[in-house]
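Below you will find the structure I want to go over with you.
Note that the chains take the letters A, B, C and D in the order they are written out, and that residue 1 is the start of every chain.
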Amino acid sequence: MARTADTAWLDKSIAAKRGTGWGDKARLHELTEATQGKYLYTIGPYSDPVLSVTPGDRIRVETRDAFEGAIRNESDKPTERLRMPFVNPQNGPIMIEGAEPGDAIAVHIESMVPRGQNPCGTCCMIPYFGALTGTSLTATLHDPLPELTRKIHVDEHKVRWSERVTLPYSPHIGTLSTSPEIDSINSLTPDNHGGNMDLPDMGPGSITYLPVRVPGARLFIGDAHACQGDGELCGTAVEYPSTTTIRVDLIKGWTLDWPRLEREDFIMAIGSARPLEDATRIAYRELVLWMEAEYGFNRWDAYMMLSQCGKVRLGNFVDPKYTVGAAIPKKYLAPAS
Amino acid sequence: MARTADTAWLDKSIAAKRGTGWGDKARLHELTEATQGKYLYTIGPYSDPVLSVTPGDRIRVETRDAFEGAIRNESDKPTERLRMPFVNPQNGPIMIEGAEPGDAIAVHIESMVPRGQNPCGTCCMIPYFGALTGTSLTATLHDPLPELTRKIHVDEHKVRWSERVTLPYSPHIGTLSTSPEIDSINSLTPDNHGGNMDLPDMGPGSITYLPVRVPGARLFIGDAHACQGDGELCGTAVEYPSTTTIRVDLIKGWTLDWPRLEREDFIMAIGSARPLEDATRIAYRELVLWMEAEYGFNRWDAYMMLSQCGKVRLGNFVDPKYTVGAAIPKKYLAPAS
Amino acid sequence: MARTADTAWLDKSIAAKRGTGWGDKARLHELTEATQGKYLYTIGPYSDPVLSVTPGDRIRVETRDAFEGAIRNESDKPTERLRMPFVNPQNGPIMIEGAEPGDAIAVHIESMVPRGQNPCGTCCMIPYFGALTGTSLTATLHDPLPELTRKIHVDEHKVRWSERVTLPYSPHIGTLSTSPEIDSINSLTPDNHGGNMDLPDMGPGSITYLPVRVPGARLFIGDAHACQGDGELCGTAVEYPSTTTIRVDLIKGWTLDWPRLEREDFIMAIGSARPLEDATRIAYRELVLWMEAEYGFNRWDAYMMLSQCGKVRLGNFVDPKYTVGAAIPKKYLAPAS
Amino acid sequence: MARTADTAWLDKSIAAKRGTGWGDKARLHELTEATQGKYLYTIGPYSDPVLSVTPGDRIRVETRDAFEGAIRNESDKPTERLRMPFVNPQNGPIMIEGAEPGDAIAVHIESMVPRGQNPCGTCCMIPYFGALTGTSLTATLHDPLPELTRKIHVDEHKVRWSERVTLPYSPHIGTLSTSPEIDSINSLTPDNHGGNMDLPDMGPGSITYLPVRVPGARLFIGDAHACQGDGELCGTAVEYPSTTTIRVDLIKGWTLDWPRLEREDFIMAIGSARPLEDATRIAYRELVLWMEAEYGFNRWDAYMMLSQCGKVRLGNFVDPKYTVGAAIPKKYLAPAS
C-alpha cells in the first residue's frame, strides 16, 4: 500500500519492524453483515470462525451499532428494545494464520466510514448504567435516572449533537479483542484480552497490539463510536454502524500481558480493572516495563520520568471494568545522541 | 432423609417450603474422580455434562484441591507446579432436571470429609497473589514476596497448622456455581453466578441458592477448604481434597440476581465485585430487597434496621473479584406477633 | 478496683502488663455536660483542654448523641435541624499526664448507661449519606432517598426498634481519638488517630489503644451507639446520649501507627481508609506485624495463619473513610508448649 | 494591567464578569521567604495571617520546594532529610478583604519563575510513596522500592531530565487552598478546599476558583512543579522553588462545593477522593451542574453530551486523596445561535 504523509510513520511502527506480513501485497477481505451472519456477544474460544486471513491482509468490516440497530427513534426505550447481555454485537472471530500463543497481533485501523441512513448515531441513558448513577455493582436504593434516547446525524465530518452543538467526527473502535485462553467474556467487559476498552485513541491512524492466547488469535471487532468523551460518562458514546477497514499483522514471540497501542506520536499501554486506580496502575506499570525492555531505560529512570511526562487517557469508567491508557510521546524515547 | 436435631431446621428452610423435590426419596449419585474425568477451570455453558440429577437427589462428590494435587511437599514451588489459569479444578457440570432460566437451585451441603493421605492440606504463598502484596491488578514494581508452601495434617476434627497452633476443622466449599448465560468464567473469579466466593459459611449445614440462567442450571463445585479466615488473607486457605455430599433442589420461578445462603439461624445475601465497598453494597441491597419481598418489611425500615443488626462476612479480598455476605439473624425476621 | 469474673482478664491485658497506672487507686473524674461546656466537632491540637487526669484514673463522661439532641421527634428532618460539619459532638480534650509522642494510651470502657428521657435513641436517613445511596463522594445525579427519622426506646437491656423487632442493648463508643500532630480532623472522619470508627467491639469490656502524637495525648470521646450492625448501613446507628465510664492508662514507648483494640478473647488491629480493601489491608498488615513483634510469630507464618483464622469486623462503610478491624483469638497466640 | 494577546481572554473570564476587583489598579504585594517566616504544613483556620490583600491585588510569592530545600544533592536520602508530616511547605495564609463564607475567590496565576541556583529541581522516590508501590494505605508486606534522588536543571525554557531527555518547562502550582471551616488539613491532602491537587493545568494562564468557608478566605499556596506528568506517578514532580505571581479576586455569592478552574479554552471542575472513580464522579457531576446552572444546558443533555466531548485530566493518584479534573472546551458552551 502506498504511504501518504499521514501514514508514512507506519513504516517505522513496531508492526513494520517486527511483523511478518506488513508488506505491499495486502489482500482485501470483506466481512459484511451477510458474511458475518450472527453477531456475537461473548469473546472466547467457543465460537465458529467467520474468516481466515494471512498476516498483512486487510479486512473491510461492517460493524453494527452497540444496540444492534434496535434503537430506531427517540421514543424507543432501551429497556424495551434490549435484553442483557445481548448488546454490543461483535464481528468475528477472524483467524490469523500462523498466530500461536505467545505471539501478538497488530491491528491497524485504516478508516471508519458511517453506514446506513441518518440519523445513524444513537446515544442512550440506560437505567442503572453510566458513571453518575447507581449501577448493578455500585448498588444503591435509588430510582433510576430518566431513560432517554438521542438519535444523531453522523457523517464523515461532523456529529450533529443538537441544534446548539456540533462535534467533530472522531471515529474509533470501542471493542477490539483476541480470545482468552479458556474463558469467554461478554463484549461489555474489557480485560487483558482487549474487549470493551472505549479508548478514543483507537481510531484511524492507530495500531493496537493484542496478545495471542489461542491458535489463530481469534480477532473480534465491533462497537464503533463517531465520537466519545473521556470516560464515556453516561455509559454510551455516539454509537453507529460503520464500515471499518483494518489491516492485521502478526508479531511472532512478542508476549503481551495487556493490550498496547501505537500512533504516530506516542505509545500507550492499556489496563482495565476496578477500582480505577488499579486500571491506571496496570497501564503505567506496563509502560515502565515496555520502556525498560525496548527503549533502553533503566526501570527507575522510566518510573520517575513518567512522573514528569506521562499522559493518561481515561477510556471508560462505566463498563464492568474501567479502562485507562498510559502514554509517552515518542520524542522522549529517542536514544541518547 | 431422617432429620437429626442439627438438621431439623431444614424442614423449615426456604428450599423445603418452595422447592420441588426436597422429600424423602433422595437418590444418591456418586461423582468420583473417575466419573468426573477431566476437571474444569472455567464455568460456563460450553462444557459437557458429567451427571444429571432429579431435584431432591444427593450427590457425593470427590473434589480435588485447588492445586489439583500438584503441590505435594513443602519444597514444591507453586510457580514450578502450576500454570495459570489451570488452577481451582471444578467438578461438573451437573444438570438439574427441570431447571430453566428464571428458577433457582438450592444446594444443601450435608457433609465434607477429607480424602487422601495426610498431610492432605496445602497452603501456599504464590507470587503476586494475596491481600498484602502487589498483584496483577494492584500493579506495583515490587519484587514478589517469598514463595512458600505449607503441608498440613487435616482430619475431621482438626487442622494442625503448626507445632504451636491447631485450628478446628471448619470445612466449606470455596467455589460453587451455576452457569452464566453466554459467558464462561474462570474458576478463580466469583460473580453473580456464584464462583470462587470463599465464604466460610458455605459448609455443612448451609443451603446456597444459585440463579438458573441456562437449561439444566449446570452446577459446578470444587475448592474445598478445611478452614479459612475472613478474607483468605494470603490468597489460599487450607486447600484439601474432599468427599463432599450435597443435596440439590429446584425452586421454580425464584429469580435471583445474586447467590444467597441460608443456615439455621440466619439468611445471607452475597455480592462479588471490586472495589470491596461495591461487593458490600450489592450484598446489603440484595438483603434489603429480600426482606421487603419475602418478610414483609418496608424497604426503608429494612435499610435502617440492618444499620443496627446486619452482619457482614468477608469471604475473600484476594480473588479477581472480592466476595462479601450480608446477613440477618432469622429471629429478627419473625412476623409481628 | 476489684475484679469480677467478667473483668479478671483485665489484669492480664496489655494495659496491665505495660501500663504505668493501672492500679487500685483510681480517682474518678466527672466530665458532665456542664463541665464540658462547648462540645467539639474537630479533633486536633488547637482546642482547650477540659480535664487533666493521671494514668489509671477513671472518668465518667456525659456524651451527647451524634445530633447533639437536635432531632427530638420523628417529624424532625435532619436537613432542617443539622448543619454540617456541626455533628457528632465530642467530649474533650482530656489531657493524660506524662503522655508524650511515641507513647500509647489505653482506654478501657467500663460501662455505658443511657441518659435522658425515652425515646432517647435516634436513627435517621440523611440525604446523600449512607451506604446504599449516592453521596457527596460517590457522586451521582440521583434525587435523594427519603429523609426519615426514627425515635427509639433504649434502656440497659433492650433497644425497641419497632413493634415487630426488639434488639439487644449492645452499647459502644463510635468515636474515640487522640490528637493528630498538626491536623485537626472533623469528628465524622476516622483515620490513624482513631476518630469515627463505629466499631461495635468498642464497648464495655474493651480496651482501645491509641497513639500519642502530641504532649498529653488529648483524648476525645463521643458518639455512643445503643447498637449498630456491621457497616452502619444507613449511615446512623441507634444514636443516644450516654454516661460512659472509662479508665485511662499510659503505655510509655509503645509507638502505634494505627489504633488497636483488646477484649478478653481477642486482639484487633484497626484500619480506616478508602477504598474498603485498603482499610482491610491496613488492619491485617498491622495485625501481622503485631503478631511478629509481640507474640513471636514469623512474619510469613502469621500472614498464612491469618488466612486460616483471621476475623474481620466491618465498622462502617459510610463515613468519609471506612473502618475495618482485623482480629485473632487470643487462644491462637499462646506460646508453643 | 495591560492585556497581551495571551491574556486578552481574561477580560471575558468568569472572574472578570463576576468579580469585584479585577480592574486596572492592582497593587503588588511581596510575600518573600522573609515575610513568610515559618512555612506551614497544615491548611486551616488556626494559623496567623501573613498578608492581607484587596480583591484585584497581585502577590509575588516565594514558594519553597516540596522538601523545603532539604534535599540538596543526589546522595541525600528523603528518609534521612524529611520528617512527616513536615513536607510540602505552604505560603500563607493570605487574607482576602471582604471574603465571607459562601463567596468564591479567583486566583489567576500570572507567571512562575525558578528561584535559586541550579540544579534547583528535585525528584525523589520515597519509600512506600508513589503509584506503583505499596503505601501506608495500600498496605503490603513488601520491602520498599529503592530510595532515589534526582537533581535537575530547571530554567524558564527547559527541564533537563537526563543526558538523554529534555522536557519543556511547564510550570504549575501543586497546592492551592482556602481554609476549611473548622478542620486543618495537612498540605499533602487535597479535598474540597483545594489542597495538593497536582494538576498540570494550574499554571500560568489559569484561574482557579476556590470556595470561601471562613472570613477572609485564608489563601495558601505552595508546591511549584517545573513539570509533571498525568498522575505524578512516582509521587513527586520536578519540585522546585519558584517566584510565583498571582492575582486574586473575590466573587461574592458564588458558592462552590469543589474547586474549579478556567483557562482560555476550557472550564474544568475538580474532585479529590478515593477510590479514583469517586474523584472522577465528583468532577463530572460538578461539571454537569455547572453547565446546567450557568450555560443553559438541560441536565441530561449536559450529562449525555459530556459522554461525547468531556476531557479528563488525572492530577495525582499518589496523594492521600486522588485528584481529577473534568473539562469541556468553551467552544461547546456557546449559546445556540
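Just so it is clear, contacts are C-beta pairs under 8 Å (C-beta built on N, C-alpha and C of every residue); 3 or more make two chains touch, one makes a residue touch a chain.
What you see is a predicted model, and the numbers here were worked out from it, not measured in a lab.
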item	value
Equivalent interface to A-C, taken from B-D, A-B or C-D so that over half of the residue contact pairs match	B-D
Selected interface, B-D versus A-D, where C-beta contact pairs are more numerous	A-D
Euclidean distance of C-alpha centroids - chain A vs chain B, Å	35
Inter-centroid spacing, chain D versus chain A (mean Cα positions, whole Å)	34
Whole-Å separation of chain centres (CA-atom averages), chain B against chain D	48
Touching two or more other chains - residues of chain B	132, 138-141, 145, 274-275, 281, 284-285, 288, 303
In the complex, chain B residues that touch chain A	41-42, 44, 46, 85, 136-141, 181-186, 257, 271, 273-275, 278, 281-282, 284-286, 288, 299, 303
Contact set on chain A toward chain D in their complex	123, 125, 130-132, 145-146, 148, 150, 159, 161-165, 167, 227-238, 274-277, 280-281, 284-285, 288, 300-301, 303-312, 314, 317, 322, 326, 332, 334-336
Partner chain D, residues of chain B touching it in the complex	132-134, 138-143, 145, 275
